[in-house]
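Shared between the two complexes below is subunit A, which pairs with subunit B and subunit C, respectively.
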Partner chain A sequence: MSPRQGFHYRIYDLNLTSAIPLPELMPANGPPDVHIRLGAVPRSLEQPAIDGLIRQARRDVWLLTAEHITGARFLVRQGREVVVERVGRGRDDVVRAFLLSSCMSALIMQRGLPPLHGNALVGEQGAMLLSGNAGAGKSTLALALHLRGFRSLADDLSAIRMESDGACRVLPGYPSIKVWADACQRLGVNTSELKQIRPELHKYHYPIPPNAFCTRPTRLHAIYFLTAKPIERPKLKPLEGAAKLREIQSHLFKFRFAEAQRVWPWLFGAMIAIASQARVCIIERPKSGCSLDELADLIENDLRQ
Partner chain B sequence: MTARPMENIHLHTSVVQAQGLLAGDIDDEVVLLELNSDKYFGMDPVGARIWKLLSQPQTISAVCDRLQEEYDVDRQTCEQDVLAFVKRLADANLVEIVSE
Partner chain C sequence: MSIIWLASYPKSGNTWMRVFLTNYLRDADEPADINDLEKMGGASVHSLVEEYAGVESTELTADEIDLLRPDVYRALAAESEEVRFIKTHDAYTLLPDGSPLFPAEATRAAIYIVRNPLDVAVSMQHHMDDESLEQTIERMGDSGAVLAASVRRGNTQFRQKLLSWSDHVSSWLDIEKPFPVLPVRYEDMHAEPFATFARVVAFVGLPTDEMRLEKAIRFSRFDVLQRQEREKGFRERPRANARFFRRGRVGGWRDALSKAQAARIITDHRAMMNRLGYLPDGGKSPQADFQSPLLHAQFTIHPPGL
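Take a look at the complex of A and B:
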């Protein structure tokens, strides 16, 4: 065997070998399940089942062609391989960000794992997901709960696996939470020792120490969808039945279901399993002036029920 | 607005579950996803029972016959409620009319 080239990591219960360093990830050394390599990437797919402006997909192939944003084209194949072609003067940090978000999301979809946009934390009852749209305050609340003693399981993208025993388990991502400077300030976290994500962005990597990061797939217990509203006090609303599915779908992918189903036929069954097993709630928080303690209390009280 | 004359559903109209739906059970609900509209619909246990009876073409009247065996309900209430419910299903394209 030739020596294995590249950087070796573990993410979502997979060993990953990458030609591009991804320093947020946990190092690992097992035989690789997934390769990230540099190579030629086509400009379009033939007969895509999903055909968007910057992305196309068939059952086992997914293409991202937002060169003007990313400085690269990305091809994700068969849940095993990500090919990156640098185009022009792309920035390394932007390429890395797309590898860990869009490409990883496509990769785990190809492996039959629904990726929910948001953070995952572990408490006594199991794994909880904090989801919501960009700007909803997921990572801030995740850090607040983490500082209260919840172990971190995933940041930004949480992969859910349907096990053979029928249980849904959330898989470990990487030991870091990306947080805004003002969130750090509100939580009393000193940013002077944190690594900035990008020079122009007031956002930081908050590193999770090994004993506070959960490295085991953990049974899904609850999903909280966070949303900012023009209200005075935060409110928690438990969902049932169809309302659960609506929320879950809108934070899994941005396609119409009929399109998604052509590429991922297992998706509806997976969503039903998630919705049946998890407590699912919406948390409405005031647009401004909401205390993080109050939000964290809401969740902790709900988990105790 | 839908082109089909929903007002015409009556006791002897035969209806059946529409094509292009995905269905599953969550909590106490049967949940349907209508793929053309990308909309989810939830049904309580009685609604779910009616829905399941419509996996084969049935008249409203035949559905009421079955429900009266299973639930303590008088004929008139049953017919009114089932008609109203099936009209709502038809408006949402969840059932199709087989014959008049």
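Take a look at the complex of A and C:
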């Protein structure tokens, strides 16, 4: 396809046509479900149900006005359209980062898919999510597990679909894991051949080869929430009942549950479905660091049970 | 409502102040759990920016995150029904457009806790994993110093501008601000706890109750905190084998710093140390002057008008 007609990609089981190149994504395999285009974006929404500091939302419209940082405003509509208006000196890499994170989470929320914060990998038992707050070490552990043979399914933002058969399936994101330079070093990955996500940050795209990327929606088996504690050895704690639900709710991607649930009331039911289907564990790891092998072993042993 | 910043250079008594305020606010029959101070949690965690701004903060530069922070604090203040106490180790700095990092509209007041830099150096070096005393002292004298500069595993905080120890103090106590700042010396929290914490309570606009004050001071005594840390651990410990509540002494530097190290700190910070009463004889024999309530003389304290 020529750039004039747009670039054609596939992400979260959707085909999209984009006026902005997003080279990390897989190529499209069908007519577009979503259009990303350049155009006029309002500065505010009327009567927003979510009225945050740089974003607003109603059921079918979501607006991000972080132009002092990104050099652009973003509008996501009806789960089908993303409009980008450049303001001043927009930075391509920053615009792309916001498109693939915040905008994508709003888009899939509008399509009825809960976005969870974390990496998704696929093993024999199905899909597992590695979740946790920023800095918890999700992507580093995801890359470690990937290097042990787990196929990658999604990086950072994992979209979950409730199927008609009642199963929760994790949808394929794009074949790359974003990792910090020190994580690469620990895992023996040479960064000189990797693409930096932004020139100012020592964070890289680790490309996943086609045979190591899972392109099919995959049944969710387990979620591991990673957290750093002042302890000496890593520990895995399985959660039950309401504790599972609480943890899942607090790791929606870039939405606060209470806020999002006001706009998308189906979300509560989706959270319950996820909590009832998935094994949910907390992994506490030492703040001062520990071997990635030890953490990966904890997960592999848990998956075998 | 709005925010009262609990500001300090690291290892200067900020946690002690938070424990005291938690105990005073709770007014319970047993000491507050040191692992349950979240409501006064840090101003600098990534998850706070992510939650309020809805953006991926680890894909932003530290300068870009700084641009978002005033908005985050405004939102935090707007949605809090009560006054929020928030800990920060940031120096009081301005953003490139000249607006302050800590926005006036979101701020009710600040309590600035300051400690003799000779003791800070020793405590800070113990807190850091891989730093020599020389490096700590060097950093305390570096006007470009920052905390959490590198994003690495386990770093859940974003960069905070510390500046040098003297600049940090000066940024909070000298730069004119549209809100009142109460300076509190760590040494006064030790030597005259009742008078010092009573001043804090009055400043933040809480009713002063002597029994409650006495109890909150007792519940936040160093041995109580140490016992809790021994029995249950402390989530803010830097690592498993390190104690957060280590000695909590005034003048402990005498056993830990060489003459040359102490002299270097005094050379770097003489003017500010003098002002704060840490060099009673101009630096010939450094020691904190615990007796004189110097702060009233040194800094004008405006009532916060609560």
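Criterion: the second predicted complex is superposed on the first by the 293 of 305 C-alpha atoms of A that agree within 3 Å, B and C clash if a C-alpha of one lies under 4 Å from a C-alpha of the other, contacts with A are read in each partner's own complex, and residues count from 1 in each chain.
Definition applied: a residue touches a chain if its C-beta (ideal position, glycine included) is under 8 Å from a C-beta of that chain, and two chains touch if they have at least 3 such contacts.
Please read these numbers as outputs of a predicted model, since none were measured by experiment.
Undergrad: So which one touches more of the residues on subunit A, subunit B or subunit C?
TA: More residues of subunit A are touched by C.
Undergrad: Looking at A:Ala275, would you say it contacts subunit B, subunit C, both, or neither? Reply first, second, both or neither.
TA: first
Undergrad: Using the touch definition from the top, say if A:Glu240 reaches subunit B (first), subunit C (second), both or neither.
TA: first
Undergrad: Tell me the contact category for A:Arg256 with respect to subunit B and subunit C: first, second, both or neither.
TA: Both subunit B and subunit C are touched by A:Arg256.
Undergrad: Could you list which residues of subunit A make contact with subunit B in one structure and with subunit C in the other?
TA: Of subunit A, residues 256 contact subunit B in one complex and subunit C in the other.
Undergrad: Using the touch definition from the top, list the residues of subunit A that touch subunit C in their complex.
TA: 52-55, 64, 66, 68-69, 94, 97-98, 101-102, 133-137, 140, 156, 178, 180, 182-183, 197-198, 200-203, 228-232, 254-256, 286-289
Undergrad: Taking the touch rule as given, give the residues of subunit C at its contact with subunit A in the complex, in rising order.
TA: It comes out as residues 45-47, 50-61, 64, 67-68, 71-72, 74-75, 129, 150-157, 233-242.
Undergrad: Using the touch rule from the top, collect the residues of subunit B that touch subunit A in their complex.
TA: Touching subunit A from subunit B are residues 22, 24-29, 31-33, 35-36, 38, 40-42.
Undergrad: Where on subunit A is subunit B touching in the complex?
TA: Touch residues, subunit A against subunit B: 240-246, 249, 256-258, 261, 268-269, 271-272, 275-276.
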